[in-house]
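Paired with subunit B in one complex and with subunit C in the other, subunit A is shared by the two complexes that follow.
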Partner chain A sequence: MHTVLTRGNATVAYSLSVLACLTFCCFLSTVFLDSRTTAHVNTVKVLVKNVPDYGASREKHDLGFLTFDLETNLTSLFNWNVKQLFLYLTAEYKTPDSVLNQVVLWDKIILRGENSALDFKNMNTKYYFWDDGNGLKNNKNVSLYLSWNIIPNAGLLPTIRSLGSHIFKFPAEYSIASV
Partner chain B sequence: MGLGELLQFDEMLRDFNRMNKRQSLYQILSFAMIVSSALMIWKGLMVVTGSESPIVVVLSGSMEPAFHRGDLLFLTNYKEEPVRVGEIVVFKVEGRDIPIVHRVVKLHEKEDGSVKFLTKGDNNNVDDRGLYAPGQLWLTKKDIVGRARGFLPYVGIITIFMNEYPKVKWAILSILAIFVLLHRE
Partner chain C sequence: MFNIQTHMDYEGQHKAEKFSRFIITLFGIVGLIWGAIIQQFSQTVYILGAGFLLASIITIPPWPIYRRHPLNWQKPRNIELPASSGDEGKKKKK
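Moving on to the complex of A and B:
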């Protein structure tokens, strides 16, 4: 009764179950690791303008501009079950309209093996800092922090906020000059 | 030696002919058992995760290098869990059949708990406003099918392959069905 079909079936089934078991062990070995670390963020230049948001409603919305410093070492986050880190810099603030606003200003993909000790000075943001109204001018409590999303070879996809954030305020006047 | 002889189809058919009514009924029952338990697992997962489709296959390269075509994502969709920036959500857009897997990059939450947010693919240069329905600027919670919680590479490539070549799908399915129905334990 040892046909090609039964032999092939047994081989494929056995190797697949070994592979599944190894993958699961790989996942188990890293699932309880602590992936938090500190990141120092600082703003250099901050200003706000009031211009029509053609991407959205065409009404005049607050548009923030800032440059930032970022210093962190994420080497400790990498292990054999980390394929990629997705870093993103979030600005979080409150306005009279909304209790929570979050805007991603900058992001970066770090693959395993790439340099993960970062030290950026006076960086421009990658994305526009549009508010959903006019809540940026004179906003005294905007926090800026780095987070990362760990992409494993196989396993969970946690998003982790770094320890340490930077709080800054927007000026009380709109800036007229072009940036 | 032909392929049929190699796989001993004739022996399998002889097996089948030797079966009595009770035995063939048993074969059909065990086949139905396989189908229904697969359905039960899927529906059970729907209940546990709260998502209408708890497992999805990545169909595009817009999240590369994190997710490639054929990777498998496990979703949850718990209503009380807040949506936050940086999360990867799977959402449906009116007029598109296929759900999209992208990351939340902008979010505004009102006092009453209503949220509107904007998404973007890691590998895309612009946000998703061009992908949404005409005139739609934001997504809300009702658009979400689930949020990516787990990741398993490559496994879903089989379903992509089967969907692209439906003939292969029917061939594989019917061979499996015949095998289960005719094979004697």
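Moving on to the complex of A and C:
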């Protein structure tokens, strides 16, 4: 502490140590919070087509089309250690070939401060609902649920599944008409 | 020329370190509480930054208050001009 440089060095180093300590306190204050909440998903229009999947094998695969309603209030999830939420809507189903199939159909980023009480009606999906075979036609048990990934200032990046899901079925006939 | 002192004495160095630790810790705690109240961690960081600036201004430059306990040096003995050469024996005695 005998020159300007050593005092400057000590002050900067101590400030950074305190900053790390405060960040850790911020992490500790939020790590045990429960970030689950309910999201109501509902399908409006559901149909399935059998079209060549040029992105994969050129064989005809099942392609699902659906529009959905989504109603949820995520305001309670935000606190001083949440910068943004990454929401995504997953369809989960079972086929004779594979036990667990998961397809992400839609996603959205909500920054802190933006409106987080969502009420969407008759939304189109953002991504194709391809099956890797013919597992969608007449599938009676497809569940649709919302999940979110919390992006914090400091700490964990938890992926949380909403409470409640919507179960729907695909029609037994392929749709011919263009959507 | 001007006789500008740029040192801190030992007591002053101790005081400077104590002050800077105290200021930064205090601003950190206040910032954490305020940030938790308004739920904005950025405010915590800004308040800590203000504490850092204040501590830098108060304790980094060698202000005169850090020079209040000068060391009591003994008076120099045998003041002789080095120009008075020819006395090799006397220099060895030193």
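Following the convention adopted for this analysis, the second predicted complex is superposed on the first by the 175 of 179 C-alpha atoms of A that agree within 3 Å, B and C clash if a C-alpha of one lies under 4 Å from a C-alpha of the other, contacts with A are read in each partner's own complex, and residues count from 1 in each chain.
The criterion applied here is as follows: a residue touches a chain if its C-beta (ideal position, glycine included) is under 8 Å from a C-beta of that chain, and two chains touch if they have at least 3 such contacts.
Being a predicted model, the structure only gives us computed values, none of them experimental.
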Subunit B and subunit C placed together on subunit A: clash or fit? fit
Exercise. Where does A:V4 make contact in the superposed view: on subunit B (first), on subunit C (second), on both, or on neither?
Worked result: both
In the overlay, answer first, second, both or neither for which of subunit B and subunit C A:T90 touches.
-> first
In the superposed arrangement the C-alpha centres of subunit B and subunit C open, at the centre of subunit A, an angle in degrees to the nearest 10 of 40
I'd like to know which partner A:S98 touches here: subunit B for first, subunit C for second, both or neither. first
- prompt: Which holds for A:W80: it touches subunit B only (first), subunit C only (second), both, or neither?
  reply: second
Is A:G55 touching anything from subunit B or subunit C once the two structures are fitted on A? First, second, both or neither.
first
- request: May I ask you to decide whether A:Y14 touches subunit B, subunit C, both, or neither, giving the answer as first, second, both or neither?
  value: second
> Just subunit B (first), just subunit C (second), both, or neither: which does A:T159 touch?
Replying inline: first
*asked:* Contacts for A:F24 in the overlay, against subunit B (first) and subunit C (second): which applies, first, second, both or neither?
replied: neither
In whole Å, subunit B and subunit C in the superposition are separated at their closest C-alpha atoms by 12
So the subunit A residues that subunit B and subunit C both touch are 4, 23, 153
Touching subunit B in the complex, subunit A uses residues 3-5, 23, 55-57, 83-84, 86, 88, 90, 97-104, 107, 109, 111, 127, 130, 132, 147, 149, 151-157, 159
Per the touch rule, the subunit A residues reaching subunit C in their complex are 1-2, 4, 7-8, 10-12, 14-15, 18-19, 21-23, 25-26, 29, 79-81, 153
Listed in rising order, the residues of subunit B that touch subunit A in the complex are 6-8, 65-67, 84-88, 103, 105-111, 122, 129, 137, 148-153
Subunit A partner, complex, touching residues on subunit C are 7-8, 13-14, 16-17, 20-21, 24-25, 28, 31-32, 35-36, 39-41, 44-45, 48, 51-52, 55-56, 59-62
